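The two complexes that follow have chain A in common; it is paired with chain B in the first and with chain C in the second.
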Partner chain A sequence: MDDDVLTTLKILIIGESGVGKSSLLLRFTDDTFDPEIAATIGVDFKVKTLTVDGNKAKLAIWDTAGQERFRTLTPSYYRGAQGVILVYDVSSRNSFNRLEQWLSELETFSTKQDIVKMLVGNKIDKDKKEVDRNEGLKFARKHQMLFIEASAKTREGVQCAFEELVEKIIQTPGLWESDSQPKGVSLTDTGSAAVNSCAGYCSLV
Partner chain B sequence: MSSFVTEVLATTGRLEKDDLVKKTSKLSKRVEDIKGEIYETVTQRYGDFVPSMNTTLDLTARVNGLVTEVDNLNNKIQNEVQAQLSTSTSEFQDLQSQLRRTNTVLAVLGRLYDIQQALDSHHNDMDSQQFISAAARLTQIEQIMEELQEDGYCELKILSALGIELRVRKENLIHTLGEAWARAVVWNIPRPKDLSDEDRLLKTELRLTTVTADDATLPGTPRMTTLVRAMADMNVLREKMKVFARRCLEYVFLPLVVLPNVSPKTVTMMQSEALHFDKQSSGKDVTIAPADLYRKIETVLQYFNKHLLGIDVGAPDNSLMSMFSDFLWEDLSQAVIKGCLVHSIPRTSQELERYMEVISATEEFVSSLENLGFLHGEDSALMRYVKEINVHFANKKCQDILAFARDLMTSEMLDTVQVGTSDDAPALPNIRELLGQQSSKKTKSKQDETTTASFEATFDSMPELQCPFRLPVCRISVTVDKLVKLAYTTLCEACEVTTSNPSCAVQMFYAVRDMLELYMEVVPCYHEENLKKLPHVTAIHYNNCFYIAHHLLTLGHQFLEHLPKALVSSCATFVDQIPVLRELGTECLLQQMRIQRDQVLEYLVGAHNFTNMAEDYNRGNAEKAVKKVLHQLTHLSKVWQDVLPTNIYCKALGSLLNSAIQDIIGKVTALEDISADDAAQLHSLCGIVKERAPLLFHPVVKEDTKNRKAVEAEVQLYVPQWVKFSELMVMLDASLQDIADRWADGKGPLGHEFTAMEVRGLVRALFQNTDRRAAVLAKIKQQ
Partner chain C sequence: MAEGGEEESEVFEITDFTTASEWERFVARIEEVINEWKLANLAPGPPLRKLDQMPVTNSISREYHSVPVFVQTQQKWRRMYVGVCEGGGLRTNYDMVHLKRIPQQYNHLAGLLDVFKSKIACPLPALPPVTVSVRFTYILSDWTQSAWTQEPPDFDIPYGGNVGGAEFGKLPFGALEDPVSELHLSTTWPCLSEEMIVDNSVYSDLDPIQAPQWSVRVRMTDNPQCLLGDYLSEFVKICHSLESTDQLLGGLMLDDDEKDPSRDVSAALQRLTEPSPLPLPTISDVVSNMKTRTKFRRKEAPIGGELLNMILQFLFPDAALEGATPTEKPSKEQGGEKQDTAEYKETYRQYKSSPEGSLMYQLAMCMCVVNTNHGGLRAVAHLWQEFVLEMRYRWENNYSIPGLPEGSPDMSACLLLQKLQMLNCCIQRKTAREARMKEAAKQQASAAAAVPEKPVRGSSSDGWEVEDSDEEFFECETELEMETDENIASNSDADSAQNNTSPKGKVASNSEPSNNRTNMHKSESAMSFKDTVVFQPEGRLKQCGDLCLLDSSEPLYIPITQEPGPMTEDMLEQHAEVLAKLGTSAEGAHLRARMQSACLLSDMEAFKAANPGCKLEDFVRWYSPRDWIEEALTDETGQRVLKGELSPRMRIPGNMWCEVWESARPVPARKQKRLFDDTKEAEKVLHFLAALRPAQVALHLMPMLIHAAILRVEEEGETTPPALATMLAQIQSRASKVLRAPNMDAQKCEDLMELVRQVTLVETVIARARSLRAKFNTEKAGSEDGVRELERFVSSLLEQPEVTVIGAGRGPAGTVIHKLFATAQKAAHSYDDSDHSPSEHSAELDSCPDFPKPAGREYILRTTVPRPCPVSRPCPQRMFCTLIKEDFRLAGAFTSDTTFM
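Now for the complex of A and B:
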């Protein structure tokens, strides 16, 4: 099985409705594309294992609904997320303008201090472009985010976006190790779990 | 010198010698004089004095004798004459008292004679029916007898005998007078049995005799006068008038008040005047108009005045009419008020203005009664009543409002009407229109109107963004709709009468408040059973309460500037009643929800904790239980869907469904062993819920997004446990790997919904104890 997995990372994909969050995920996990994909209801979930720099990481990816009416459900999903992919549509100025709000929601609900953020400008395959690459870059810098432009349709930049994000998470000290190694002794943890976590720690070293 | 002294001395001796010679001659002459004097004196005394003294002594002795004699005589006279004098004095006194007694006896006898004379003439008067003089005689006798009594002749036998005689005569006279009265005032009253009130009155007749045939002694003098005066003299008039007044009240006036179709009529007959009653065919009124009643009463009183009560009894301040009035008026005016005026009190403020007619009619009536001498200008109860018409009007008005409101509250709640849509606004009374005439600044109100209109337009143009202050679309009882309208119209009327009758306006305002208080008390009590039993009624009641509360938000302010100052400066608001009403509605709905939840959980007990589902019997039971729950919820959805506002409907059903699936989740996660078959059965059972539960929210979803997933999303919004339930279903149908993936170190959806303990428990129950299971279990731990 996946005994050799270094860690499980919780990744969240957020952004305005219709910017292509689900398509990005589908392209990344199943390498498919559905132009008629339905709007996400509540939340979608996928698991994928990814190897970055020889480290195998299991990604638990939550694809949230962008529609306003389901937003009341989303805040709880932020809990414990280590990485977040914030998506906008390069052909929609509005989706870019709304990024501030998304960031503020993220900051409000995320439980990890140094959560790694990746800004993805999707749909670069489209002719009509309303948001310039530099604008995206500038915004990303301003908020200390990774940045990439991608297209779920043409596959361009998708894999890279996830890999960059995971790499950065793994490089960030204290963001993920604590998940595998409980601090102190938890009375509720069973013995076997303790042994296991110890093994995980050793393999890292 | 010596010569001088010698000279002096020489002269002195010679002088003394001359002097002695002279002196001695003088003295001898003197002695001779005295000798003659003494002789004379002695002779005088003893020659003249002694004989006169002897005579005097003799006389003295004789006078003494005479004095003694006079004393004796005096004593004798004193003793004898005085004794005789006292005897003669007492004799004289005796004679005097004898004379006095005789005189007194003579006087008494004279009085007795007078009495006898009076008795005799009384007898004659009685025979000749001269009642006045007969009465006067008796009065005279009585007076004399009183005098005699006062003079202390009470022990006279003849007096007591006369007393008895007097009493007999008196009684006799009174009796005779009574008989004469009865002949003069004839009542024809039908027997009360088997006759309606109206027939009785129609057959009632009063006949007053003016002159009797046998009144020959004093022609021309109306007999009644004699009779009445004699009665007045005999002090029986008041008593008679009292009885007469009672009868008039009972047989004439009270029926006149009660029966509007009967009117009095006087008929002149041979030597008598009769009072009849006629039936007027017209009119089916239940109550009589005040003016009509006044006319009838006046007719009767005129008749009395003309033929009986106009008689002068000789005492100006105590006429027959006023005596009659003393006994009659109080009861009569009460009867008029209760039987007639109470019904004439107007119901609307327009009628109130027309009520001036009744007031003036009453004034005329009272003044004509004063002309008759029936009233004497004192404050009559009637006038007082009609002048307080505003108070009565307000009382009646409020009473009517409350009675009507109560009728509405106690009637069926199930008749409903939809409210909250924008086109129901005209259904409410347009306050501005109602108060339009009063509004001083019409331009201002017009401006308001346009502002409001533009607001409305704004709201209507944004159907998506519902105005937060607008009542959501829902259904309320028709009766409550009427109740709210009643509150509006009542307040409008209060505003109308603000200037003319401020206290009435205040009272009406409080009547509306009272009405709402009444609602809060009556409805939960009166409909208690239905509110508990029928969820439909509960939902309507909930809406009713919120609908009323919604209107109360502005109800006070809307009318504020038109209500009396006193009210405005205190607190003309209904805002304080809003929380109570909302609490009332909410509590009722919550109670119903608790009942429903308990019912649902009760059904699920029948699933026996979902154990051994592979067995047909158990599966049957569980399926039945789940279907019961779904059926119950579907039923609720049917009765609540159109009634409750959408969001309340979704919340209510969502929380009930949540309780049900929470129970299922709890029971399934508690299972210790689930065979593959069990899991399959459980999965299909949960499938039923997953299939049908979203249908509860189906109508809520907008047409354009009506697909399965959209509906399910709606369910997620209102049923917090729905995602957990879905995850449970996934687990029931999943492989170990799938579960491990969805757990994903607690970062997957499983970890999101379940605790590690729960997942491990389920994994142990679902899978056999293998190394792989152990490996998976090892991974599932609380992060």
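Now for the complex of A and C:
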């Protein structure tokens, strides 16, 4: 691990199958888009270092399979995650309708009490749109999530989504400090942790 | 100082401080201090001149007006000061007298007034009247009538006698000694005229009951011994120990083994490897086993046999020896009751503990009690050993463990609980498996001559026998094929997962003949799909909506599938580590998918078995419906038809889904290799438990113990002052932080100790509140207002250093205090006069005053007198007098007009 990495954060990506979880991740880590990316089996894993507000954070991102049957397996990996990206497909009403179930599953299996949640409406490049942006906003507000619409294909919103999530995690006291390697670096010392007490949703676009 | 220096340099050519005397340096230092305190600008005076032998008071006051300056004189302990303050044409001299004994002539107000007046030396013919403030303080340390009520717990009876083991389920609480030691009552007359009262050597008007102001201070006992705190800190202490169970109990065990080899650990292993005798033991078997399970020599075992039995019965109520059948009881009994409420769940998650009342929770409390009362670390080691034996016994005999939340290991709970939940999962699966076997064996026996139900590969005729000796498989006809998958299947075993990183890829390598299995493969794949139609469908769960197979009109069935194995957090961590180590390359991702495809393969095989003639498209429609894309088209006849196809990603040539589909053969779940090897996992758990050092056990149990302690404090502290709520909230958040931190080292012990100290503090505060409440008898106060007033009073006493008694001697609190003093007085007198005759005695008692002699008396005498001559301005004069047993102190502040001096 780099010496100057402040902390390693565990991020999860969840959501219905085929909404583009792996594509979002690939766009974020490799800045590419592969229309023929195979359906994930179980969980996949990628790493990326990100600098937010001068803090370098190593992200261990766990990408999960969305199929119902894998849900007996994947929730084990929710453990210890500090952030979660919940993805739906704006061109699929059904993928939006299932969000509540994903959240309740997250509630059941995540071990961090104040895990930071971000809602991402993917595939805004598509002409066919079944879920309006306002609906996404409303859902995010109701569940105290961050919200953004994005497209893994056009890269719109992708980088921003991850950055915002990480920033929020770093600003949440007690969420990541205890798990990081003891390095004696405290954000409060550097003065950069202007702790944002606003727990509501934030619109990025 | 800089300023002064400049000024000086104007007067003298050279500034030379080399010859500055100690005295000059002293004055300079004082100036510095005054500057530091930012008092200098209050009264800028003339610059400092060359110092002569003037008293310090004069030289300083000339410069810094209105700043009183004091100098301590005599020995430090005497706290004697002289001082002066000058300003506005007035000078106040502060002076003190300190004696070790109270001179008789000054032991009352009259004498003190004489001193005061003589010091003032009033130039007027008649001195204006002196105003007097008086405060008498009485000490009550004999709480005869309200002695500390908490009985120290009798350690022998609840834990050693016939009383039910329920006593183990509660941590002790409370102080063993009265946490309140003294009550100081101060009675004050704030403003009296000297003419109004008489207080001399023979008589005093100053009756405390009549005093217009009362205030009370309480002195607490320093660090009173508190039970909960004691028990907890004793337990944290053992977390440091390095001794192993063998070191602690070594001799004991050896002795034991000679007597009863079946209890030997190595024998336990042997028993494992031996063919198991009967699949299910008889009840009598179990009972006798329970009775003989431990045979420590009574005298040497830290925990006596009877006590041990009680503890075990308390922990495992389902194993009651007599009466009820020792079969499985629903495990919810203890752990499950409150399980549903979210708040309840939150509490144990917060501390990463176990549900209240669950087996782990109870064990933690038992351990804490045996540690303090029955032999410390050795007792802990002993009980743990028994506990682990019981776990093994239950695993071997198919009795599920009571008092655990049902289902897979709960990763928000402590690791020990997860391990036991894991063991329970293993026991349940084993039980189910053995029941199935038995059932099948029965069927087979009854239908001995009937048509073999397995068509095609006929190798299964000896399946049952093989199964008994090799638990790896449900049914062994698929053995050969399954071996292939072993490498992929281990979703829980890090080792074999690592093996997999060498790309054997056996699922994909069907076509490469490499071992004896390939023939079979070849012939199978040669048979190809259509042949599967000859199978009777097997292992159907239910129809999948109204879907039909694409190539036939058969309904599409959801198969019965295997549940993947549960995991504990340490297993998951290992597993995740292995997955992560594969890296982020494409190959890494591919291998990762392969490692996790066991479950997919199992589902595909079950699907094929349930749906003869199916194809991948059918499977996808059930398994991943969003990968089946349907479009409404209008065909040539003008009719609208739905045309579906696999999503592009499912059509990628050679993608894992196709690959696994190709390799999957129609095998119903019950005939597949187990995805979860309960035998292996159970042994891993049992090994983990047995290998823990007693200190590690203690550390693992700490979350439950702290959790229990916090609940105990909450329970006890319900009616205590609000300040306690803040303290409790602090403890809760700290506990949450400490207990959820993953480290298990010395720092953790430190943090735990600090937590225990905080819990002890709260316990002490509660004990104080109780003690005070009992002393003031709050519950029995006459009126409702009285109760409220007393409650308020007691709360204030806990939070403030000194509390005013509303209504003084006549208020509700005052009445109680009066009574307390009177009772103590009577008691004291009856001791003293025990040799008097009864009649004399009662007379004495009647005449005995309600209050003892005051322990301390304070007087403040004030007046305003023109000094030093009759035409001077009237100046305030004041003298403060303290009269304590061995301390007589007068502190005067006498002011005179300096204008016309």
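The criterion applied here is as follows: the second predicted complex is superposed on the first by the 179 of 205 C-alpha atoms of A that agree within 3 Å, B and C clash if a C-alpha of one lies under 4 Å from a C-alpha of the other, contacts with A are read in each partner's own complex, and residues count from 1 in each chain.
As a working rule, a residue touches a chain if its C-beta (ideal position, glycine included) is under 8 Å from a C-beta of that chain, and two chains touch if they have at least 3 such contacts.
Computed from a prediction, not measured in an experiment: that's the story for all the values here.
When the two complexes are overlaid on their common chain A, residue A:K58 makes contact with chain B while staying clear of chain C. Contact with chain C, but none with chain B, is seen for A:E36 once the two complexes are overlaid on the shared chain.
Judged by the touch definition given at the top, the superposed model places A:Q171 against neither chain B nor chain C. Once the two complexes are laid over each other on the shared chain, residue contacts for A:Y77 go to chain B and to chain C alike. Judged by the touch definition given at the top, the superposed model places A:F109 against chain C, while chain B stays out of reach. Looking at the shared chain after the overlay, A:L9 reaches chain B, while chain C stays out of its contact range.
Contacts of A:N97 after superposition: neither chain B nor chain C is touched. In the three-chain superposition model, chain A touches both chain B and chain C at residues 38, 41-43, 45, 47, 60, 69-70, 72-73, 76-77, 79, 179. Of all the residues in chain A, the ones that touch chain B in their complex are 1, 7-10, 38, 41-43, 45, 47, 58, 60, 62, 65, 69-70, 72-73, 76-77, 79-80, 179-180, 186, 188-190, 192-193, 196.
If you check the complex, the residues on chain C that touch chain A are 349-350, 411-412, 491, 561, 563-564, 567, 569, 572, 576, 579-580, 582, 584, 589, 592-593, 595-597, 599-600, 603, 623-624, 626-627, 647-650, 652, 655-657, 737, 740-742.
The touching residues of chain B, when paired with chain A in their complex, are 707, 709-710, 712-713, 716-717, 723, 737, 740-742, 744-749, 752, 772, 774-775, 777-779, 781-783.
Across the complex, chain A meets chain C through its residues 16-18, 29, 35-47, 60, 66-70, 72-73, 76-77, 79, 92, 94-95, 109, 111, 113, 174, 178-179.
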